[in-house]
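A, B, C, D, E and F label the chains in the order they appear, each numbered from 1.
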Amino acid sequence: MKLIIAYIQPEKLNDVKQALFDKNVSKMSVTNAVGCGQQGGYEEHYRGTVVEVNLLKKVRVEVAVNDDFAQSTIEAITGAARTGQIGDGKIFVISLDDCIRIRTGETGNDAIG
Amino acid sequence: MKQRSKFSLLLPCLVYAAAFAVVFIGLPSTVFAEEAAGISAEMFTVNNVWMMVATFLVFIMHLGFATLESGLTRAKNTTNILFKNISIVAIGILTYTIVGFNLMYPGGEDGGWFGFAGWGLSTDAAGITSAYSEGYTYWTDFLFQAMFAATGATIVSGAVAERIKLGSFLVFVTLFVGICYPITGMWKWGAGWLDAAGFYDFAGSTLVHSVGGWGALAGVILLGPRIGKYVKGETRPIMGHSMPLATIGVFLLWLGWFGFNGGSVLSADAGLTSYVLVTTSLAAACGVVGAIATSWWISKKPDLSMALNGALAGLVGITAGADTVSIESTCVIGIIAGILVVLSVMMFDKIRIDDPVGAISVHLTCGIWGTLAVGLFSTNPDHSIGKQLMGIVAIGAFSFIFAFVLFAIIKAVLGLRVSEEEELKGLDLGEHNQEAYSGFQFFLTQ
Amino acid sequence: MKQRSKFSLLLPCLVYAAAFAVVFIGLPSTVFAEEAAGISAEMFTVNNVWMMVATFLVFIMHLGFATLESGLTRAKNTTNILFKNISIVAIGILTYTIVGFNLMYPGGEDGGWFGFAGWGLSTDAAGITSAYSEGYTYWTDFLFQAMFAATGATIVSGAVAERIKLGSFLVFVTLFVGICYPITGMWKWGAGWLDAAGFYDFAGSTLVHSVGGWGALAGVILLGPRIGKYVKGETRPIMGHSMPLATIGVFLLWLGWFGFNGGSVLSADAGLTSYVLVTTSLAAACGVVGAIATSWWISKKPDLSMALNGALAGLVGITAGADTVSIESTCVIGIIAGILVVLSVMMFDKIRIDDPVGAISVHLTCGIWGTLAVGLFSTNPDHSIGKQLMGIVAIGAFSFIFAFVLFAIIKAVLGLRVSEEEELKGLDLGEHNQEAYSGFQFFLTQ
Amino acid sequence: MKQRSKFSLLLPCLVYAAAFAVVFIGLPSTVFAEEAAGISAEMFTVNNVWMMVATFLVFIMHLGFATLESGLTRAKNTTNILFKNISIVAIGILTYTIVGFNLMYPGGEDGGWFGFAGWGLSTDAAGITSAYSEGYTYWTDFLFQAMFAATGATIVSGAVAERIKLGSFLVFVTLFVGICYPITGMWKWGAGWLDAAGFYDFAGSTLVHSVGGWGALAGVILLGPRIGKYVKGETRPIMGHSMPLATIGVFLLWLGWFGFNGGSVLSADAGLTSYVLVTTSLAAACGVVGAIATSWWISKKPDLSMALNGALAGLVGITAGADTVSIESTCVIGIIAGILVVLSVMMFDKIRIDDPVGAISVHLTCGIWGTLAVGLFSTNPDHSIGKQLMGIVAIGAFSFIFAFVLFAIIKAVLGLRVSEEEELKGLDLGEHNQEAYSGFQFFLTQ
Amino acid sequence: MKLIIAYIQPEKLNDVKQALFDKNVSKMSVTNAVGCGQQGGYEEHYRGTVVEVNLLKKVRVEVAVNDDFAQSTIEAITGAARTGQIGDGKIFVISLDDCIRIRTGETGNDAIG
Amino acid sequence: MKLIIAYIQPEKLNDVKQALFDKNVSKMSVTNAVGCGQQGGYEEHYRGTVVEVNLLKKVRVEVAVNDDFAQSTIEAITGAARTGQIGDGKIFVISLDDCIRIRTGETGNDAIG
């Protein structure tokens, strides 16, 4: 089992969700994040001075999948979130030791989907 | 683009500067008002106090619009909306100073189509006595009318929110408030041809609200819907980010309407002003009930944003006839306005007219309804549906065409809509480089 | 349950509809007011202007309540609270139109317990002259009183917030404002038996605030505390989600009180109105100081929500005697009210009466205090503690029993409290399917 | 420290308590006002109604300040700011009751430097007739002036926000409003030496706004900048957390200014009041245009917070001469004020005077400008730059020194600034143990 | 060492915290999240149209524990968060390479508690 | 590759960011969190009663780095975030299976920086 963490542009979330659904990955968790990467940042102006903002708004998507789904999940995310511009985001993949469904107590591969 | 933005600001600035240069401006004689024959100094002073209070109330409607519009749109566009609203007040007052007031009340012969009394503000000693008017001084008159003028533009602001370029919008507002509004206003309130023809609009269901609504409609048509509103044949609601702000807005608008309608009596006449306040409140209350019932029925859940719009719908609906309809008719007008606004919002979504705050439904749909209602319910036999229709059509045609052509020219010259990227990231960053809620996290996904 | 919700809405609608059908509604003669003997048209007009201004101020109290109540409760229930507040205004005005005004001011013989002047609004030509009253027209009278009526219900709204079913609440409000409030109001202000007995309540410490407070108490007793408020013998505060909203609310209420008390002079009499404004402000200021000192002393930290409640406590406290106590007494009344409200909030938490916004402490505790204070401090020798107590008990008993029975019936028929799941997820989703802060993240854990 | 905090609260409380003990307090005779020779009861009543309305408007400015200041600062200090603002109103009214009013209007000989008419409020039967004044009763006079008094202190509040100890601030405010403001106020409005010398300040560009601004400057100098504002030679803006709150604040302040300036006519004189309202609005509108143009030019992006400050700048600028400058001059004054405020904000940042809300730039810079402008533009030949400068310097020197010494003493005795840890975590937790937005997540990193 | 990530219903947080305390696990970190799982979602109504909301509010709890605490931590969470209804949530278990206490610089098992 | 998760005091974020920049680690993602640890908590007062707040505001920083950067990243964070007082925070280190740059599709060590 893998835990796939993707940082994407906020406005791409709906597309990514759709792409995952299309690959039968329908479970995920999403949080707000701010990130700092190659994108550099931008300036905000406030009362005559300039603010260098280099923590940009991102969305963090966490998807736990069984191993055989990992590749297609990554592809789905990559496909939907890519614009080719800096700031598109990153995906991190981590091995999951275990997964438990709280409702039933199921564990492992059965619990994930 | 940056160049253009700057240009679009300079334009109004230059207009103002130029205008001031040619203005002959009068100074008030600070002597005590001498009463004219027929009205005592006391009565004149009371009347004027009442009209000044009404002016304050209409002023605060601008805060009402600012909070309502920002509450019903997304957090990422809030700075932009607030900026537009504070600018509109300034632009409204200034254009009205320079040209508007004198276009709307040109004096001269009655029954005309157009007139102009000259640039700027100016009056003689009589302007602050009851010789000018029994109800108010020249200055009160001007300020009360100026506060009205700006509301027309604010209505447009809500409908085109979340996607219009700031500079382009400001240019539009300057010309719409400075030229279009006073011309159609003159037709009726400036003793123009519509007045002569018997058209009746007490406080502006048509002259203010519909005019704003037509401008809004023109803008929305040329702009198109926001990204993500209509997807694959479906309407996806884009929820407002703050119901408290929206609610504050509606209460302030209701409060302001006491001045809008109450002041339109143009004196403190006890019977008439108080009666108008009662019809105004009752229509708003009935609008709320009508909208809640309709939206509860249709959506199975009571919708706050619809209840709020219902209050405004009732208020717009009663505005044309607040002084000439019975209490019973008032309730009917209010309830129908409340029902209408809900259906209108849904109808405009069907035909993909994307109006984030429901401004067109509130001000245009219910403005038309209210004006017609005078023909249906007025206790004055001179009023008729035919005459009302004439006014609705004449003023509607002029202001819609004016707004459409103006927006189209601006679209060609400056562009009307921000880039897709800017729209997605929000106009606060795109147009202002400034967040409305610094430090807070909110989802940008919608 | 959906069926019931719809039914609970239909009920008031039908009541209104039925009522309108039988209403004989008068039309205002829009002639200029002819002055009656003894008061000039000018004075009548000034008085009426003042009363209209007071009406506006009382109206804006409803926005004050809306923001105060939503600020002091959780973000997940905000839409629900705002919805209740906009509905209450509409319901208040409409029920007062149909029955309330005529229940409260039935005319007829003085000293009675109950009377009814017939359905709806109607007046003759004299209604807009000083023959009706030296201070206002019939219409101003109605509207000013109607704005008062709705405040009683709003008080209940805050206390029962975050757990009451919307439909049930609306039914309660309709009957409480439509029937209970005007009946007890008539006892004093409608020249009823309490008036004859020498009870004094200038602007409604008892007639408005306590009545609302008793209704709130009845509701809270029958509803029980919010989940998580009292756990294992401990009180766990449930913090309000927006102090800015709460603060806006208190300032607006203070502003509104200028009309509430200032308008209760029922004319623009220069000496009396201005004196009342001074006592009103001083009491509020002293209430703030009293509450800050008390809460700082007890909690070791100055508590904003208590400072805010302190202002309201002072205002409620002075309301009964604003025109008949000295400046010195005003300060004492205000400070004691400020102290009382803090102790009262803590006391009610001890006995597990869960009142999210402190409405019972502000309006009931301080309403009783203010009414008693007239007996203690009044400069009018006719006033006495005994008479004041009589009024407090009589009105308290009637309104508490009325509210309790009404709530109990509603509980049996429609249910009073939302499901545990809905309460945890928030009434915004449960009752309205609509979030107040779309896009923002906030913790739902409390 | 806790001990001190408590002490710092007790101090004002004790002062109040002691003061009340010695106050001789008059009671209003609730008889109808008998008109004095020369003015009718009607006119007196109208004038008084107008002045009461103006009082309400000035009162609501305190809500404007509360929302503006909290909007332009960080979410973690919001409770603290709101607490200060509600306290200031209470303290302002109470100190003005006890000493302020009688320090400012001591009566006695004209042309003096200092006078005191005795403790507390008291008047005789004439106080509520036009024998006291043609424009208002004693009570209206007091309340209108009391509302003014508190605004001076509020200005300080914004500038020292986000780092000042609550207790220390409250002690400062008590003495600043209670002693400093009425003394300098008396020099001009209390018929003191500056008045005799021909200095002119219609509604308080200097007497209210500059005085507050000087107090703010003294405080900021002694406090130093907020952590993180000036780092390694660079200015790092610390963004306000809520533009909607800030915008609400500015609209309410503008509204309040109608009473601030309109009421300063001290009667309802139709010509003068309405003219003052027009100059007030025009200056605000021009201030907005001036500030937008300047900030757009400099930053390449239109800055909402500057547009908002621009409105206030125009309002402060016109305050000194609202009744004596032409429409044309009004526009010039407003535009220059709008430009000035932007440059002033940037200049103060350059010299590391950290004023979170721009209070010094708005009230001091533009207050000075507005006072000078009377010398430049007044239509009254008696006014001159020299006399204006004299007033600016005299009042500036006194109030700056007073505030500086007072702050310095407080700093030595109680301490002025919260600990670094508290500043970083926010004063809401540090001073109040109370969050403003419970349940919401926001970044504390700035 | 394990990092245990649990997505639970927001209103269950207090219970979960208590259950963890009872098992001597007193350290944890909590974030807001929205999640999409079997629960499906619900409809919101807004201005006459329907919004399909399928990202539901959840709370994300992160607890780092030593291996011998892992099982009891999972049990505590499962016990406290379970209602038996869809939406109860999921637990994910990841191996931790290391843990450092910033204050002292301690690492590994010593740092975690 | 490692994923380094640090919980720090909010006001230390700028220092930590700077310290990471100085070590040539310029990419990171930040979220808001509340945490409960040795720090205990504090009391809030509200309307006459006391609230025991034991979930304190923290900032969660996630940095993915190549193995040879891990140690210096940890040191940079530790150095910048340490005050020596309870509540300074924790760092957790997890092995990353993979990392993908969405824009280019690069994976592994190339994608991380």
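Methods note: contacts are C-beta pairs under 8 Å (C-beta built on N, C-alpha and C of every residue); 3 or more make two chains touch, one makes a residue touch a chain.
Not measured: the values here are computed from a predicted model.
Undergrad: Mind listing the chains that sit against chain A and also against chain E?
TA: Both chain A and chain E are touched by B, F, going by the contact rule given at the top.
Undergrad: Give the fewest steps needed to get from chain D to chain E, where each step moves from one chain to a chain it touches.
TA: 2
Undergrad: Of the chain pairs A-D and A-F, which one is connected by the greater count of C-beta contacts?
TA: Most contacts of the two pairs: A-F.
Undergrad: Would you mind pulling out the distance in Å between where the CA atoms of chain A average out and where those of chain C do?
TA: Their C-alpha centroids are separated by 51 Å.
Undergrad: Round to the nearest whole Å and give the separation of the Cα centres of chain C and chain D.
TA: Those two chain centres are 32 Å apart.
Undergrad: Go ahead and note the Å separation of the Cα centroids belonging to chain C and chain E.
TA: 45
Undergrad: Scan chain D for residues touching two or more other chains and write them down.
TA: Correct list: 40, 42, 46, 49, 53, 239, 242, 248, 299-301, 303, 305, 432-435, 440-444.
Undergrad: Would you please write down the residue numbers of chain A that are in contact with two or more other chains?
TA: 31-32, 34, 44-46, 94-95
Undergrad: Please list, in label order, each pair of chains that touches.
TA: A-B, A-D, A-E, A-F, B-C, B-D, B-E, C-D, C-E, C-F, D-F, E-F
Undergrad: Per the contact definition, I'd like the list of chain A residues that touch chain D in the complex.
TA: Touch residues, chain A against chain D: 34, 44-51.
Undergrad: Which residues of chain D touch chain B in the complex?
TA: So the residues of chain D touching chain B come out as 40, 42-43, 46-47, 49-50, 53, 57, 74-75, 239-244, 247-248, 250-252, 254-255, 258, 262, 268-275, 277-278, 281-282, 284-286, 288-289, 292-293, 296-297, 299-305, 307-308, 311, 323, 326-328, 331, 379, 440-444, 446.
Undergrad: Which positions of chain C touch chain B when the two form their complex?
TA: Within the complex, chain C touches chain B at residues 2, 5-6, 9-10, 12-13, 16, 20, 23, 25-33, 40-42, 44-46, 48-49, 52-53, 55-56, 59-60, 62-63, 66-67, 70, 78-79, 82-83, 85-87, 89-91, 93-94, 97, 120-121, 127-129, 136-140, 142-143, 146, 166, 242, 245, 248, 431-441.
Undergrad: Using the touch rule from the top, collect the residues of chain A that touch chain B in their complex.
TA: Chain A reaches chain B through residues 10-11, 13-14, 32, 34, 42-46, 57, 59.
Undergrad: Taking the touch rule as given, give the residues of chain C at its contact with chain F in the complex, in rising order.
TA: So the residues of chain C in touch with chain F come to 235-237, 239-240, 295, 298-301, 303, 305-306, 342, 345-346, 349, 358, 443.
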